[in-house]
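I have a structure here, written as structure tokens, and I will follow up with some questions on it.
Chain IDs A, B, C, D and E follow the sequence of writing; residue 1 opens each chain.
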Amino acid sequence: MLALFVRDVRLGIRAGGSALTGVLFFLAVIATIPFSVGPDLNLLSRLGPAILWIGALLASLLGLDRLFQADRDDGSLDLLILAEERHMLPLTVFVKSLAHWTANVLPLVAAAPFLGLFMNMEPAAIGAAALTLLAGTPAIAFVGAVGAAVTVALPRGGLLISVLILPLVIPVLIFGVSASYAAIAEPDPFLPPFLLLLGLTLFLAVIGPVAAAAALRYAAD
Amino acid sequence: MNQPSATIRSFADLANPTRFLALAGKLVPILASLSAAFLAVGLYMAFAAPEDFQQGITVRIMYIHVPFAWLAMMCYTIMAVSALGTLVWRHPLADVALKTAAPIGATFTALALVTGSIWGKPMWGTWWVWDARLTSVFVLLLMYLGIIALTRALDDPARSARAAAVLTLVGFINIPIIKFSVEWWNTLHQPASVFRLDGPTIHPSLLWPLIVMALGFTLMFFTLHMMAMRNEILRRRVRAIQRVEARRAERREA
Amino acid sequence: MRLIAEKLCGERGGEPIFADVNFGLSEGQSLIVTGPNGAGKSTLLRVIAGLLPVSNGGIRLEAAGETWPSPGAASHYLGHRNAMKTALSVTENLAFWRAFSGEPRVNVAEALDMVGLGGIGHLPFGYLSTGQRRRASIARLLVSYRPIWLLDEPTAGLDKTSEKQCDALMNAHLMEGGIIIAATHVALGIEGAETLKMGHA
Amino acid sequence: MLALFVRDVRLGIRAGGSALTGVLFFLAVIATIPFSVGPDLNLLSRLGPAILWIGALLASLLGLDRLFQADRDDGSLDLLILAEERHMLPLTVFVKSLAHWTANVLPLVAAAPFLGLFMNMEPAAIGAAALTLLAGTPAIAFVGAVGAAVTVALPRGGLLISVLILPLVIPVLIFGVSASYAAIAEPDPFLPPFLLLLGLTLFLAVIGPVAAAAALRYAAD
Amino acid sequence: MRLIAEKLCGERGGEPIFADVNFGLSEGQSLIVTGPNGAGKSTLLRVIAGLLPVSNGGIRLEAAGETWPSPGAASHYLGHRNAMKTALSVTENLAFWRAFSGEPRVNVAEALDMVGLGGIGHLPFGYLSTGQRRRASIARLLVSYRPIWLLDEPTAGLDKTSEKQCDALMNAHLMEGGIIIAATHVALGIEGAETLKMGHA
């Protein structure tokens, strides 16, 4: 299992998914924003958390569709499925999604605070945003895994089911963003949405891999 | 049994770089001492120069900020030219020049950003504004870093050379944007006052130290660049020799 | 240990590909599957491995003990595709499969020597030639132990000498009491192998 | 050439995946912004065009990394390069990027007006935004082609490509947004920035493919 | 028309793979390249096609007229990978290559018959078996005309009968005054072909 994790992370890094690239990616995304919404600083600082979340979401969606296809194309997927008695397939999926998250999203989460400074967000907001990112983004990877598995299994019909599944991402996003705003906007409390986010992540961390594994079993053809 | 031919070929390839190494060996010390001299004089003149009556002491930041900014753009221009060298003239050194210039350029750009924002704090009351010039320089920094990341990600030097060259050329669009951002968009940042068609508008007492400093930093840039190129060439030689060795070992096994 | 197929039927996308395949292989025995393209050789191997559902009849493993609950768990499957990442070095690839499949056997370096790739473990897999890739994935069978080998055209793209090496490896596996089922178009140098001819007829 | 276009569009639609992910991502972006700027509607409608543009820009990065990699993996790229005397490589690249745009980005542009309604932008603004998107987003695909070509050798170029491309497409973003604002903000005219945008797109439609082709010629190994 | 290689050298990632390859093939002649794995057969073919830069020496096409400016433009390259999209049907794939490569020759249906895939043009390419895939990509050589065929292990994965078919097609191409360069490990049934042995020796 650890071996699988290491392999996938390594692949991610080889592809230039290294920490440096992650930070650069974030910087690039952020740099585009002011050009469109204009240099209004306090508007920026309000947009801050949303921008961070959007960047993270994009980063985790990039290459997610290849999560299993890459393994299918070179035949590794067959062997991963064959090893089922040894490593439960859901666990395998879980590890793969986690590796994807580690290679592509974690660097961004780590970089988030600095970028917060860039958009002169207040410390509280920065902390909250980083925290919610850390808690929320894995969920995206897990949901995405289902979509990826389904599209591998039935390339044609895959679309349909992904339509049903991927919208789960939006709630994650919404809770994440609202939580990070709750941290600054006085009246409404930070914890409730954050706990919801955590719950959602844990829930998806279980459901996602199980569903994806179920789909993959029929993927081998 | 083609090792000898192989080794000879790989050294024949390096013949031209070899000449460059000899040249660099001679030039580097000269350039280094020259730039040191210029910088020393420049600094003296800078502090001898009159203070700006409204900006006060902070105006002196200009003497490093502006050269850094200029060099940031010049370095990218040099990279673009050497990119042409790689793609069009297939010059063996062009690729080395591009690859090694990137980190230096990135540093200068970063310095321009830092000095700029240090200057911005007293002038504009804030470290950073998302104004056109500032952001375009920021984007320039991003492009430098992107090129560095790319050259790191592709291991095979021949291939990464082509890729980086193409990318650099395409990225060159940004340079005019930086240069003219101040004219195109109404920015906090002040417009060009030295490189203008209708001659510099900045007062000579400020102009001269600026020019001397600029020259000093430019010389410094070339010194650093030459040293970096020398290292890169030597690194590649070592790699070539290692490959030949590895192949010898393989053949012995087979 | 005995691998038994009874009236085994396989289908692909709803169409029956083959029907009523029967065989029983005990330790040290091997089966060579031949037949025209599209006869269903690969399908048969995948059905045995459990990668495709059995449409009818059954395949089972007898007297195999706890370690090998199912035919799939007990087998190495070598498909057309090499199951290696071109971005990773040969050694990294093999080390991964060794760690992942468990039951480690020969270590990576030795395995590479055994398939005649001694010198080039450090190269990215993508740099290898067709035959070298195939040999690297044959090395995968050696780094971790499985009693049953399911080989789909194992010698495709190999030159004469490495074909011999491959035959030697297979025979050694049989000596140790392994079981081999190989689909092929060319003759394999396995001693005393039964053959199963598939075909639309 | 037409054949190539048809093939790629067909593939894009059959394989599904990315086009859908794009729309969803687009939706997600739109969904998060209200949280950040709060329920303040006329601020929303003011930000509208910017949001649409950012969403479209980021969404069109999805799936870009496979533009040439897919062909490289199955050996088609070799043949596309071999056919150079018959179809100039830049032209091939051009057609491929156009097909990518048609399959993955065009749906977004089509969806944009509805999303505009969500953010109660006024009809004029919506029209302008859609128009600028239609005119501008192809440029992203063409620049994207360069990124894809440059990273074709990498196993998973997702993040890196975005890093390389984003700085280059910022001019497109600038003119696109300013044009769509000019449409509503009375004094300044719509045409000049829009024409600039068109010009930029045409310019990149030439530069991009040529550069990408130059990179691809040496990518074949 | 004459395809001439003089002191041709090829390298991969900076390492010389082969050196001083010389041959001259005129219409109706063929060259079979053999050698151990990693000898550089595929590399040679790719260099000839122009997919890899010539590191030294030269390859040129003489008296070929306007239509065929360069060896690359005049050649069909059949690599290890089939250059077909698994998501598209066999017919769609071939129709695309026919339209794209120009110089249309046999139409798709006939070509499929000629390689013995008559019935299954409607199947997605991904549904085909290894040999069927190979045959489909051999059909690609027929749907549009090129005087030079560069074949990298054309018969890999083919069964005996389709191997014969393939030989017949190659001979027919030579009859018409075509040129064939084929890298292979197994014997090909081409009449009067010269052979070029590559190898580290």
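Going forward, a contact is a pair of C-beta atoms (placed from the backbone, for glycine too) under 8 Å apart; a residue touches a chain by one contact, two chains touch by 3 or more.
Everything quoted here is computed from the prediction, not taken from an experiment.
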* Working from the CA atoms, figure out how many degrees chain A turns to land on chain D, in steps of 5. => 175
* If every chain is reduced to the average of its C-alpha atoms, which one ends up farthest from chain B? -> C
* To do: Between A-B and C-D, flag the pair that has more C-beta pairs in contact.
  => A-B
* To do: Let me have the rounded angstrom distance from the C-alpha centre of chain B over to the C-alpha centre of chain D, please.
  => 31
* Structure fact -> Between chain A and chain D, the Cα-mean centres are separated in Å by 22
* **Cα-centroid distance, chain B relative to chain C, in whole angstrom** => 55
* Whole-Å gap between the CA centroids of chain A and chain C -> 37
* Asked: Which residue numbers or ranges of chain C touch two or more of the other chains?
  -> 12-13, 80, 85-87
* Taking each residue of chain B in turn, which ones touch at least two of the other chains? -> 139, 142, 145-146, 149-150, 153, 156, 158, 254
* What positions in chain A touch 2 or more of the other chains? -> 11, 14-16, 21, 24, 28, 31, 35, 38, 73, 155
* Contacting residues of chain D [partner chain C, same complex] -> 154-155
* Which residues, counting only chain A, touch chain D once they are in their complex? -> 11-12, 14-17, 21-22, 24-25, 28-29, 31-33, 35-38, 43, 46-50, 53-54, 57-59, 61-66, 70, 73, 104, 147, 151, 155-156, 158-159, 162-163, 166-167, 169-170, 173-174, 177-178, 181
* Which part of chain B faces chain E closely enough to touch in the complex? -> 2, 5-6, 9-10, 156-158, 240, 243, 247, 251, 254
* Asked: Given the complex with chain D, which residues does chain C contribute to the contact?
  -> 85-87
* Asked: Within the complex, which stretch of chain C touches chain E?
  -> 12-13, 35-38, 42, 80, 127-132, 135, 153, 156-162, 185-186
